[in-house]
């Protein structure tokens, strides 16, 4: 295993395209008082070095649960991984010892959380929290760790880093706090970063800055990036490919621009139509009718059918497979799949 | 005090588990569902069931002690000094005390004062504390400052010490005066909780919304803030009931609570304590019954807290 | 911070005055004649009684008496008892016993309470957790004087008579030093200890669910460090607050423990003073306890700001 990895490394960094992470047929359920909620039902996706995968979905779609399972920070119980594999550089992390997984966490796979204020320890200085990575994983001295922390803060462009290294998280603005989260994730130069709604809690103007910074650093270090979001606007510029999730399943995957241009699933179509656009000023904004399903009572057949404009009887009885999508001439489109019985009509009609 | 503390904006902590309930409920239903959820939880909670059964039994004991014993503790001829400190037997389950009185009869009759003190004190403390707390939290400003300083005065006087003085002043020690004393010294606790609770709810969006819709101060206070702020008060009151029963016994034990010829478990324990080395049963039975009573009420209170505060689960 | 402390001290003055006024008024309203109480069973000599009344200004109106008293307090003079002893002397005689008792109790409460709570929280739902929950419930339910007698009987008497082990003494003896305080202090601490254990458990369980603890796990830290450095540090904030506030409560609650173990602390002094209707002693003790309460709450609030950097006092 290690030989393959070393072969693909250049200047200590992985070469673009080296497979990093592969999620295979993952099932996660939550045991609650009211029953079993199937949060993730057979999710498959993969990320390579230098690649950005955007996982798109509403709350409750299972996108965050999948990420937490990869990271190994899912609360168990109530959560339970009932089936599946998560391969990191070919090794199944779910079969590893807890100590081996700990060595991967933070050093090989790092995570950025949505709410930086609550995700940073309120009673520790940011310098201590950044430096902790070096103290724990690299055995650095207190002084070295502090220098490294300042370096990282400068790296993510926090002004006056040296003066602010002793400040507490609540003394920073939202955007600056999220930069500190990014710095923390980058500290061990991991192979893969999982960003769970990294900009949702931020002002729109700050969102773009943080996103740009993340994309820039990713390109520089050749990292794989899994970007979890419910915001289609965030995705377009930075992602290579997109996986759309609904009620614990992936309903469509596609290279990012193809998905925007031509969705192959009614749900994706609805999402795209509900983005406000300047050229449609004055028209009523489209909204997908209804609400995401209760995970304790997922509708029979396609989970989206009660909200779907084109649903047929088949949709109400049979769960659609994730079909390979092809163009009008029947030529298969690489990387494009859709879990819709009517994908042809949706894509071509 | 807390008005001088500025806390960095507290962000809601992220919710990891998937949203199982999808509908965003409106405010009145939220309150209603809090209570109905709590009720449903309580019915399933074994702690609540045991506590409730014990409490029901104790209340029956307090109301009709005659159902459980033929003797009366107020009958002077019932005690025979010849029986002094006799050990428990088949006819006299708990044995006899120093005066030769049947401990079982006295213990059964002692329930009444404990229950009266517990219920009375809790009701008065909750009423006074909650009303003043609501007033201070809602009005703020000078009213709040004065009331808050006032509570600090009462807070700073230790319960037993203040109790000693007020009881000596009132002279007559019975369940009613003890309750009054404990109310005087106990209300600040509820006041603080209520005030904090009102302050926390006052700036919530639904209150803002109600105000924006033109609801008056009275309506907002009683229809919107009170139902939402009362839960922590009820939790503390429920737990305190047991604590007050224990405090009555402590005051009586110190000789400043209920006075003879009234009967109180605390008094019985105090009388027994002199001879407890050679006659431990005289101490044991009233102590055990007192402890079980306090336990029953605390179990009930604990169960109510768990039901009303799902966060603690 | 400096300005805050000054403001708090200024705010404490009306509380101190209010509390002493209240207690003074209660003492004034006590039924019976203190001078007669002094004489005991026999009728007091009217001439001597009048002399005592003159000397201690007992014939003055209530407000004047109070005014003389409170101005004395601010000059550091707690007054004189009717038997001619300085109240400050009487208090400083009795006070060390109560302070020692409260401090030993405080240490027991803090160490055992926090340890039990942490262990319970880390084994949530397991045997140890249930054990802590149930045993604390019992400790809270059993009144302190009952606990006192039972422990005295079991640890003091039984252990000595049946096994010849004499770790704890049955009643308090000054010569025993720290050992003499152990059992009474444990009894005094028992209820608070149970509360501390429960509070620690809840608080730690809550912080273990916090986002920043999840972050610490995601950083690849060992479990020990996640709990010790990240969760516990935050979980201890409310516990420290509780402990600080409880220190004054321990002194007030020492009355019962002192009676059970026959310790001549301020509890005994107070009971005697109430019985003899010696207002100056009562008010003196109360003044002291109120001041301790005010100072500890101020210290707790300042400590709170040290522990939680988000809190700023201005």
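Letters A, B and C name the chains as they come in the text, with residue numbers starting at 1 for each one.
Keep in mind that, in the parts below, a residue touches a chain if its C-beta (ideal position, glycine included) is under 8 Å from a C-beta of that chain, and two chains touch if they have at least 3 such contacts.
A quick note: this is a predicted structure, and the numbers were derived from the prediction, not measured.
The chain with its CA mean position farthest from that of chain B is A. A simple rule picks the central chain: find each chain's mean C-alpha point, then take the one closest to the mean of all protein C-alpha atoms, which gives B. Per-chain CA centroids place chain A at a distance of 54 Å from chain C.
Taking each chain's centre as the mean of its C-alpha atoms, chain A lies 51 Å from chain B.
One finds 21 Å separating the Cα centroids of chain B and chain C. Contact of a single residue of chain B with at least two other chains is seen at positions 8, 13-14, 16.
Multi-chain contact residues of chain C (touching two or more other chains) are listed as 209-211, 214, 310. Shared contact sites, meaning residues of chain A that touch two or more other chains, fall at 75, 113, 115, 118-119, 122, 170.
Residues 209-212, 214-222, 225, 229-230, 233-234, 237, 307-310 of chain C are the ones touching chain A in the complex. Against chain C, in their complex, chain A makes its touches with residues 71-73, 75, 102-107, 110-111, 113, 115, 118-124, 132-133, 136-137, 168, 170, 184.
Residues of chain B touching chain C in their complex: 1, 4-8, 13-14, 16, 149-150, 152-153, 155-162, 164-166, 168-169, 171, 242, 246, 249-250, 253-254, 256, 266, 269, 273, 276-277, 280, 283, 287, 290-292, 294-295, 298-299, 302, 311-312.
On the chain C side of its complex with chain B, the touching residues are 4, 7, 11, 14-15, 18-19, 22-23, 26-27, 29-31, 137-138, 140-146, 149-150, 153, 157, 202, 205-206, 209-211, 214, 248-249, 251-253, 255-256, 259-260, 270-271, 274, 277, 282, 285-286, 289-290, 293-294, 301, 310-314.
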